[in-house]
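Chain nomenclature is as follows: A, B, C and D, assigned in order of appearance, with residue numbering initiated at 1 for each chain independently.
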Amino acid sequence: METVRVQSDLFDMGAELNAFAAAMAKKNAGAVVSFSGLTRDIATGDLDAMEIEHYPGMTEKALAKIRDEAIERFKLSDAMILHRHGRMEPGEPIMMVVTAARHRADAFQGAEFLMDYLKSRAPFWKKEITAQGAKWVAARDEDEDALSRW
Amino acid sequence: MKRDLRYFAWLRERIGTGHESIETEAATVADLIEELRQRDEAYAFAFSDTAAIRAALDQDLVELDTPLGDAREVAFFPPMTGG
Amino acid sequence: METVRVQSDLFDMGAELNAFAAAMAKKNAGAVVSFSGLTRDIATGDLDAMEIEHYPGMTEKALAKIRDEAIERFKLSDAMILHRHGRMEPGEPIMMVVTAARHRADAFQGAEFLMDYLKSRAPFWKKEITAQGAKWVAARDEDEDALSRW
Amino acid sequence: MKRDLRYFAWLRERIGTGHESIETEAATVADLIEELRQRDEAYAFAFSDTAAIRAALDQDLVELDTPLGDAREVAFFPPMTGG
């Protein structure tokens, strides 16, 4: 199982969770947390599609670094990051992180840490396509602020 | 020194290209931004608000006051919106 | 989709996550968090099986109440709790909670809240079966303490 | 008054049954525990450490000083270990 994946293809959240959990059971990790981000209509209510641009090379490097740090800080048994780029339809999964640990607090914190860093430190940019045209999604101050707790 | 510049998202759109190679004597990322801004209106517009600019040297995120050093690839982009 | 389920049958975590997420995409909820608990060898390193006793009637009531409270407190689009009883083998899923919200912080907090309450307030009792015999799992002080943050 | 008693986990095992109906004049959950404790060694052992006893009246978790009121079902069990 690749633990950092950047791809344009749709993926199956459930199959990813099951594959990850199967490996974790062998590592004696009882707590598995997943976060999935779905394309939704953030701003206007009439989203046709989402397009995600990324920085090939840097993306993989940034995600691997974030993952390593999460594993060390929260004593994770393992962690997986999967993020799409390109065009996606409303309701499709954009990305997913999964963490495993012996204790649930670590698995939860590890997943939140991954998400906070991924939101503001991994080179992805979202663009919403609506009937009115295309618009880059603005970064939220809350996302930047979320990093200060770690 | 020769540097490969990369632009992403609305920076790429405003500048009109995602990639160019330039010769520059700029010492820091901020110096390079200032140099680019002088070029023409498109660059001036793209780099008008430095608070909204993020930069990476050889694919590592850096502050704008970072010396360019021997970085071969310098990338500029808006705040990231992944996840 | 039943949002509170207590069953002895094995369940498919991935299929549960996918079914839940499919319903959430229609509700415009972009953030989906899951927690899965797997049977592991907590104490002795030689777990043969886990047996979970519960209090039929009260269990369903307690879980429904915890779910309602999580939905209200964290403005969740929805939440699901699935918990097994009876005998389960090492590595099998014991339980799962899934939450969805517009913002990831709410989805994460909702799932943590559900887990903290479920650990100490839902009438389940775990027993570990090993070569040395059967032993009831002791409640952990940390689990009781975890409730004080809410 | 007639009450249905339910025991779970090691309380059930120590008492030797998961269910019984009794007549009792106990006013609170704690009073009922004291009454049961007097019965025989098995009950005394099961209820020896009240800090480790949880109770529910008609399937709602309650503190041990709660009046039994008109609860029909009184359940005793150790601290819960779900999840």
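The criterion applied here is as follows: contacts are C-beta pairs under 8 Å (C-beta built on N, C-alpha and C of every residue); 3 or more make two chains touch, one makes a residue touch a chain.
On a predicted model such as this, the values are computed, not experimentally measured, just so you know.
Chains making contact with subunit A as well as with subunit B: none in this assembly.
The mean-CA centres of subunit A and subunit C are about 22 angstrom from one another, to the nearest whole unit. Between subunit B and subunit D the centroid-to-centroid distance comes to 71 Å (mean Cα coordinates, whole Å).
Inter-chain spacing, taken between the CA centroids of subunit C and subunit D, is 26 Å.
Taking each chain's centre as the mean of its C-alpha atoms, subunit A lies 48 Å from subunit D. Annotation for subunit A: residues touching 2 or more other chains are 37, 104, 115.
Within subunit B, the positions touching two or more other chains are listed as 83.
Taken chain by chain, the contacts run in an open path, each chain touching the next and the two ends left apart. Every residue of subunit D that touches subunit C in the complex is listed here, in rising order: 6, 8-10, 12, 56, 59-61, 75, 77-83.
Here subunit A touches subunit C in the complex through residues 12-18, 21-22, 24-26, 28-42, 90-93, 102, 104-105, 107-108, 111-112, 115, 146, going by the rule given at the top. Interface of subunit A with subunit B (complex): residues 37, 52-55, 57-58, 61-62, 83, 94-95, 115, 118-127, 136-139, 143-144.
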